[in-house]
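Next, two complexes with subunit A in common: one pairs it with subunit B, the other with subunit C.
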Partner chain A sequence: MRTLEQTTQEVLDLAATHFQLPAGSLAPGDDFFKKLGIDSLQTLEMLSRLENHFGIELPDYEVQGVSDFQTLAERIQSRL
Partner chain B sequence: MLDLSKYQSIGEALKDALDQFANEVCLIEADREREKERLTYREFKARAHPLTQALQHAGFTAGDCASIIMTNQSKWLISAYAIFFSGGTLVPLDYKLTPEEQWQLLRHSGASVLITEYPIWRQLSTSAARTAATKLQTVLVTEAPPNADLAGARRWEEFRGEGEPLFVPRERRDTACIVYSSGTGGRPKGCMMTHENYLEQCVALTSIYPFWPGVRYLSILPTNHAIDFMVGFFGPFTCGAAVVHLRTLRPEFVREAFPKYKITYVSLVPLVLKNLQKGLQARFDALPPGKRKVFNALVAINKAVTKGRPRPGISRRLLKQVHEAFGGELRTIIVGGAFTEPQTLQFFYDLGIPVANGYGLTEAGTAITVNDLRPFRADTVGKPLPGMEVRILNPAPDGVGEVAVRSKTVMSRYLNEPELTAETIVDGWLMTGDLGRFDATGHLKLSGRKKNMIVTEEGKNIYPEDIETVFESLPVKEFCVFAANYIWPKRSMVGEQLVLVLHLEQGQQLTDPLRQDVNTRNNRLLNYKRIHGIVLMDEDFPRTASLKIKRNALAERVAYRDNATAILPL
Partner chain C sequence: MKSFTGKTLRWEWRAGVIELTLDHEPANEIGTAMLAELEKFVAAFAALTPETSVCIISSARKSVFSAGGDLRELYSTAASVAAKDRPAGVRAFLERIHAVMNAIDEVPFVTIAAVHGACFGGGLELALACDMIIADKMARFAFPELRLGFIPGFGGIPRLKRDLGNAFVRDLLFTGRTVNATRSQALGLVAQLAGEGEALRIARSTAAQISKYDAVTRSAAKKFIKPIPREELRREIDLFCELFTRPAVMAALKKFVEDSGPMPYLP
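Up next is the complex of A and B:
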């Protein structure tokens, strides 16, 4: 079972890889819309990658209004 | 289709629809690749009546207000039916609003019942904005986990009454819905929509875009939005058609839904339509040269044969693969909520997929004009719907003036805002605040909003939305043109300028080639219509649930910047 810290780190690594950013360039508190410069449609694509990685399903309502990696990781953690 | 002229209310029409089309499928709900539910009209009734009965037992009666805050799903429509059957007034709220905004509107509307989803209720019930000042007596929450703290709410699934509920009749002039228009800043504007508004709008719209048993409408726009409420609920239900809901709006599942459910109609906002265009264009560009040549030739033939009107049968045969990707049954994409670039409309029409663009606003009862496709005109928002009187007030020499509308579909008033109502509805005419003109063939061309405009020193009125088309497909993430005075107001009527607000792609810079691109496009405009500077924003533009740019909110964000330094030279 992953810890929340591990989940958060994996979310950050995966987002960095997906958007071709240097590893370690993202922080848990970052607003991913601003930091990654992505729109809502691209966010949905990122979520699909995260779901495949963690082997879970994130309903749309779980990520409604979420804009930072930390909260996103918490929502993922609650479904692991 | 039911003869809606015989009906007094939405509830009465829906009640008969459930009996008349009892064996037809009315709802399909899917979550990802799984179909969760498929209901006939008879089964819909069996679900709705126990809820209706329980609502009535709880004291809900004629004229009471009930709010729904939910994502698109079967329970939305079942709940709305129960409210209308009981003679209630529906207050559909945007699920993407913040809890603070939702509480504000719940209080403002005076709703005594709230029907919502557990995750939304979780946020609402713990919000600091939760207030005892609302009239809420009953809160129903769907899909709450077994041990969830319901914070005073009751489970929707268990809220059931025995026996047949009593149908409560309403008159045409009674309020059916209180609909809050998109803007969320400032004081709430609750449009009081009557039963007549919806009955008349439905007749007008279905005369151009008909529904019938077997038609499947894919409901993606939020149902609280006037368009989806009409074409994703009331319209199809009074014609015995089916509505398809997706609980997950990930692009991959939306794409799959078209062929899987053989979708006939879908409504989209321009942003999504443009995204679809980008995806298709990329696939066309990737074709090997030989195939590309054949494809282009087929598109050219399709363009020729559909010049006067759509010919779906021919288009589907000519461009089989494209149409099969959309399920092979798609008749029309309905687009609304914001200005759609003519280039995008033309792109789809040339593929044999007509896009029904139009123009409307909540206050007018959804749509005022619709492109009737006979012939297709990408450069206009179509002709007025049957029953709509549309006038251009105080037209300038070029014919542009404020659009005013008189129709049985126009709202009765704004809730608790007599002065605002008097300013908005003058002698029975709704002042839209939008500017436009009719061309020689009676098609309406919009020029922008009344306030976000400039007047040049030569006395020319320039509307930002009018010139935005020249920047379409600019390689940036988002853009929007503003009158600089609209962002940074100044007490002067001279020296007004337009600025282009750009949100660049991640890592993108305002390079010389990009600046040159902007300049080249700008120079295509008449000199007095040109923008005078660029403002860079490093965040997503605020948008409504229907993905419309919130221009006011964006202008407010830009206004935080000092205009002396924020406006970069071209």
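Up next is the complex of A and C:
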């Protein structure tokens, strides 16, 4: 079972890899919409990547209004 | 007509396989322009059927198969006419799109939707009219219509009910959430799962295999296992038109077309 810290780090690594950002350039408290500049289709892509990576289902309504990596990781953690 | 290039889509027949490619900016919305070209497409079926084994429907747009009905057009068209005249216009559109979907649903050759990215609302209804969905692992499916105060109107619920269990149908419909390809395969919506960017290649390989079998047997098998739920489809049009008359629908459509948030498909 992953710890929340591990989950958060994996979320950050996944986002950095997908958006080709330097490792360590993203922080848990970052607003990912602002930091990554993603639109609605890219948001869906990110959701798919997270679900595929963690092997979970993360209904959109559970992450609606979430904009930082830390809270996103918490929502993922509750589904692991 | 063995090939066609329109403003919203194109198709090409080659060695027994038709490839229909949706290519309408920004997200393959199905409005009057795409509908007119889909009508051209199904009108070509009679001539193409004797020498066609499979049709593959895919999208040329990045990250999306189809976002569904063209809600911006629906809103602007509805807003430009008196409230009492709206249902007639909507019904006329629905009758036309239902005729297209039914033609795709019952055509004697096999139809495959090769799906990547977002496949929402009317886009999912188009995929559901096909015999098989082959989905990229990044594909996502949704029926977000309830957020607007109406139901899917292009035959989605009757076709989903025909193919899948009520638990998934109700979950999709009542939550409006998006469901990933892996889950959709487990529930029986997706026939085959493809790696990222591989759905069309796998659909072509599947089409080559399907093409080996006798056309008469294939067609008879399809007719036997995939009856069109005509009565429910008629009721769907009536219910959609009834719901569409409510003022809340225009308010929800206005909110949607003005929403630039990251999840505009959720209320």
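The criterion applied here is as follows: the second predicted complex is superposed on the first by the 80 of 80 C-alpha atoms of A that agree within 3 Å, B and C clash if a C-alpha of one lies under 4 Å from a C-alpha of the other, contacts with A are read in each partner's own complex, and residues count from 1 in each chain.
By our rule, a contact is a pair of C-beta atoms (placed from the backbone, for glycine too) under 8 Å apart; a residue touches a chain by one contact, two chains touch by 3 or more.
Just so it is clear, the model here is predicted, and its values are computed rather than measured.
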Between subunit B (first) and subunit C (second), which, if any, makes contact with A:Arg49: first, second, both or neither? second
Should A:Phe19 be classified as contacting the first partner (subunit B), the second (subunit C), both, or neither? first
Margin query: Looking at A:Leu36 after the superposition, I want to know if it touches subunit B, subunit C, both of them or none. Which is it: first, second, both, neither?
Written below: first
Overlap of subunit B and subunit C contacts on subunit A, residues 33, 38-41, 44-45, 47-48, 57, 59-61, 64
Listed in rising order, the residues of subunit A that touch subunit B in the complex are 19, 33-34, 36-41, 44-45, 47-48, 57, 59-62, 64-65
Touching subunit A in the complex, subunit C uses residues 27, 62-64, 117-118, 137-140, 175-183, 261-266
The subunit B residues in contact with subunit A across the complex are 31-32, 71, 95-96, 98, 117, 119-120, 123, 247-252, 272, 275, 477-478, 504-507, 538-540, 547
The subunit A residues in contact with subunit C across the complex are 33, 38-45, 47-49, 51-52, 57, 59-61, 64
